[in-house]
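Two complexes, one shared chain (subunit A), two partners (subunit B, subunit C).
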Partner chain A sequence: MATTWTRFRRWTRSDSASGLLLVSPAALFALALLAVPLAAVVAFSFWSQDYLEIDRTFTWANYRAAVTEPIYRELMLRSVLISGAVTIATVVLAFPLAYFISFKVADRHKALWIFLVTIPFWTSYLIRAFLWKVILGFNGVLNTSLQTLGLIDEPLSFILYNPNAVVITLAHAFAPFAILPIFVSLERIDRSLLEAARDLGESRFGAFWRVTFPLALPGVVAAALIVFIPTIGDYVTPRLVGGPDGLMIANMIQTQFLRLNNAPMGATLAVIAMLVVSAISLVFVALSRRWSGPR
Partner chain B sequence: MSIISLSGVQKHFGDYHALRGIDLEIAGGEFFSLLGPSGCGKTTLLRVIAGFEDVSEGTVLLSGRDMEGVPANRRPTNMVFQSYAIFPHLSVAENVGFGLRRAAMSRGEKAAAVEEALGMVGLAGYGARKANALSGGQRQRVALARALILKPKVLLLDEPLSALDKKLREQMQAELRRLQRSVGITFILVTHDQEEALIMSDRIAVMFEGRIAQLADPQTLYRRPVSRQVAQFIGMMSFLPGRIAGAEVTVAGLGRASVEDDQCPAGRADGDVSVGIRPELLSLLAPGEDTDRQLAHGAVTERTYYGDMTYYDVALDGTDAEVTISMKNLPGRAVLERGDAARVAWDARSLVIFP
Partner chain C sequence: MTLRVYAILYLVFLYAPIVLLPIFAFNDATVIAFPLSGFTTEWFRAIPETPALIRSVQTSLVVAVSSALLATLLGLCTARAGARYAFPGKRPVTGFIMLPLVLPEIIVAVALLVVLLALGLPLGPWTVVLGHTLLCTPFAVAILGSSFNNFDPALEEASYDLGESRWATFRLVTLPLVMPGIVSSLLISFTISLDEFIIAFFLTGTEPTLPVYLWGQLRFPQKIPVVMALGTILVALSVLLLSVAELFRRRGLARTGAKDTGGFV
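The block that comes next holds the complex of A and B.
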């Protein structure tokens, strides 16, 4: 008995005990607010709506509908395309900026630059989406400026209430999320590797392409995932600036739950969206592992 | 003809004057070392030769060609970095073959060249390994192979052995020396380790504060240093106050001796001087032991036992200055204790005179 007690006392002082203590609040939180709702969503997706009641008999009917009805397929595909476009735009624009901060800015000014990058976070996401509405609108900042300058006669209409507006707004909102991981991976590159590449006969561009870029790839992949995963399920931005052609799968999920009172169908679409995101992300991670490892 | 010729090379980093006028000629096939404490400009000088730094003033010629404006990738030099700079995302073979991309060789020829280079550094068959699965010594060898495969005119080595443990370092010193002889390429080694420089080099430039203090072969450097600073940086030396008049010097604690010109590497002038002597050139006599050499008396103030050697600090009679004496621990020789009386044997030819 004494030995069990001693062992327990010893265990309470060990790393594993303190580790357990440290993760348990977050773990409990995640369990209560993530795992349980997730399980509920999955459960709902196999049930069906019977007027005001939920019919709890197992059925694939929702999934069948989600796959066969064109509206769902089209929204899912559009979500993937918009989100893909946002990801590409964000990463392509973020890389040069991250590169600039990492390689061209003096060490003591880097923190300031990173701080500046996070300025968009000072206002809420919702307000930023509204602001883009003001900027891109028919009588918005952009159109009136261009008209005053005499560059256009008619206001541009392709910039608001369509997928372009969604891409612009989301790319702006997620830019810091892309810049930071790329910056971190660039910072970790030993600068003597670049000198070694130059010393071994590579031009500046050759050294970038054969050393900097492959070593920054993990950061680029992280950036792409961080942008892609949340944007595919974004609801606010398409709702505010997307117009009818810019709506995405999340808007349909909201419609199913709240307007059409069909929680099981909404749950099904949510599960499918999650599966699609997971599948694409896994493929992406697998591909990047292959590229960045020794060939 | 010299393969490297530097004249009046200066380098400023903002307010910091890193190189203050370097003139240097290095011959083809030479093993040359730049030796000095950290911050003396030796690494800057190497980077100037490699093309990573522009000179502020002066010229750099590599086999007679002016290197002004020629970037590192177009110079006939290759470098082994202090951190080795092994590309972590590439395999060993890809690292070694990195510089061959533009070479006019078939894929098979490149693979053969890589295997040959790996064999040269004792890593045959390691090509498929991941670069980050290598030990420090192996990374060092990969860095060497990667530079040598391009057959540079000059190989630059920036403290290549400083990250290795003592045993491995000694082994690599011998291997580097052997490798240099077999490939016949000029090696320029930057090091702060005087022993390493002495062991490996044909010639050594000792640098302090952006200037070359002395340029000589290892023996001259050790036996006839031009200044107390150089003497103290290379090995151990004791200094005694002295006075020189004509050919004769009077050394506090030792006595009179006549010195020749080569014992005054910084020049000879009558007056007060500092007289240097290496620990191994003095001997402690056992009680009753006779000698033909000159004799001085004193007392042991400290002794340090090294196993094969014992180092004694001895206070000489008639002076405050102490000398350090190293003695081999031969069979039958007693190790003296602190406070023991000491009879010190010395020779006039061992003295070095500094102004």
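The block that comes next holds the complex of A and C.
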């Protein structure tokens, strides 16, 4: 008994005890406010709403409805497609900028450029999304400017209240999320590798394609995931600029919870959204590993 | 050269909406469109005359300050544990704490709402504080983690060797070195909480935070100019807070003698 006690006393002064003690407040907080709630969402998805009461008998009915009713399928598919388009647009647009900051900007100005890129991200997302509505609208900034310049006669109508508007607005909102990881991975590249490639006779493009790009790939993959995962659950942008054809799954989840008072159906859609996001992300990571791995 | 042009165009794209904000906030028309009709400060003067707006600002400030303090405190402990100690389950535990960073916000909002409903707890500003603390903690951990990682553990060891107690070492050596990180974490968490909409939308109950109030106003076209004026103030405030946060972060780097890697995240 005494030895157990002394061993315990010794353990309390060890690294692992101090570490566990220090990490426990945040871990317990996340356990109580994230793990338990997520488990509750899963539980709710197997229950049903009986007027004001929650019927706690196990049922697959919500999942059946989510799979069979066209509206849910359509919204889920559209969310994936819009998020996918946003991800591709954001990453493709971000790569040249990240490359520019990493390779062309002088070291002492890099932090300033990164700061400039991150500022818009910290300004109210709600107001930014609303401003895109102002820019893209029928009488919006873009249309009136183009008309004044005489470039178009009729206002362009394909840029507001449809999925295009959602893609533009989200691509803008998530730009820094894509730039930062790509920039970090480009910064880590040993510049002498590029010199070696050039010395060994690669063209400038060859050096980029066979040295820089593969080494930057982890950053590109991280950027794609960091954009894809949150955008699929975006609520504000589809609601403001999406119109009826641009609504996404989060809008339906909100409707189920706050309007239709059907928490179990909302929970089911949330679980399905999480599963879809996780599945696509895992497949994407696996593919990128395979593609960049054995060369 | 073409890359430089591209970079500048990209910045124009990034800043386009924000540049429009003050333009329409000072424009003398209720319709948000070009051409501009004249200069006015009417919309700014309408802000203090709207009691519901003032109340929502107060709610938001209370929520943002509480969330920032809580998240920074949790982040401080976690970052310290992560930087100094090896303990069982380190990776999964810290990974789990960082999870809200990658979860769609609507999932976090829904999950918290479900639990509060199931427990029959009333919604209010404090439930928003819980949600925002969860959301801000990963940012606090990331910022403070780099502060802790950047300074030399030998400084603390030297302090122990010279006879200081653990607490005195923390107060006299560690704290001053990570102080810029703490300030930066407080400011960033405050800004995130002040701007956050979806979690607040689900959990706010009858006392809306500022973004939730603004969301309600966006439905009424005649209220939009006032929203623009308020947005201008908010953006100016965010930029100011971030510049201060960036200043502190750089000072922290200078103090610990680390190389500037740029950016918060």
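Here are a few things to note about the model shown:
As a convention for this text, the second predicted complex is superposed on the first by the 281 of 295 C-alpha atoms of A that agree within 3 Å, B and C clash if a C-alpha of one lies under 4 Å from a C-alpha of the other, contacts with A are read in each partner's own complex, and residues count from 1 in each chain.
Everything that follows uses one rule, which is that a residue touches a chain if its C-beta (ideal position, glycine included) is under 8 Å from a C-beta of that chain, and two chains touch if they have at least 3 such contacts.
On a predicted model such as this, the values are computed, not experimentally measured, just so you know.
When subunit A is checked against subunit B and against subunit C, the one touching more of its residues turns out to be C. When the two complexes are overlaid on their common chain A, residue A:211 makes contact with subunit B while staying clear of subunit C. Shared-chain residue A:203: touches subunit B; no touch with subunit C. Contacts of A:282 after superposition: neither subunit B nor subunit C is touched. Once the two complexes are overlaid on the shared chain, A:195 sits against subunit B while remaining clear of subunit C. After overlaying the two complexes on the shared chain, residue contacts for A:67 are found with neither subunit B nor subunit C. Against subunit A, in their complex, subunit C makes its touches with residues 3-4, 6-7, 10-11, 13-18, 20-21, 24, 31-35, 73-75, 77-78, 80-82, 84-88, 90, 93-94, 96-97, 99-100, 102-108, 110-115, 117-118, 130-131, 133-134, 137, 141, 191, 195, 197-198, 201-202, 211, 214-215, 218, 227, 231, 234-235, 238-239, 242, 246, 250, 260-265. Here subunit B touches subunit A in the complex through residues 50, 52, 71-73, 77-79, 81-83, 85, 87-91, 94, 98-99, 101-102, 130-131, 146-147, 150, going by the rule given at the top. Contact residues of subunit A toward subunit B in the complex are 190, 192-193, 195-203, 206, 210-211, 214-215, 292-295. Residues 15-27, 29-31, 33-38, 40-41, 44, 93, 96-97, 99-101, 104, 110-111, 113-120, 122-128, 130-132, 134-135, 137, 139-141, 144-145, 148, 172, 175, 180, 183-184, 187, 225-226, 229-230, 232-236, 240, 250, 253-254, 257-258, 263, 266-267, 270, 273-274, 277 of subunit A are the ones touching subunit C in the complex.
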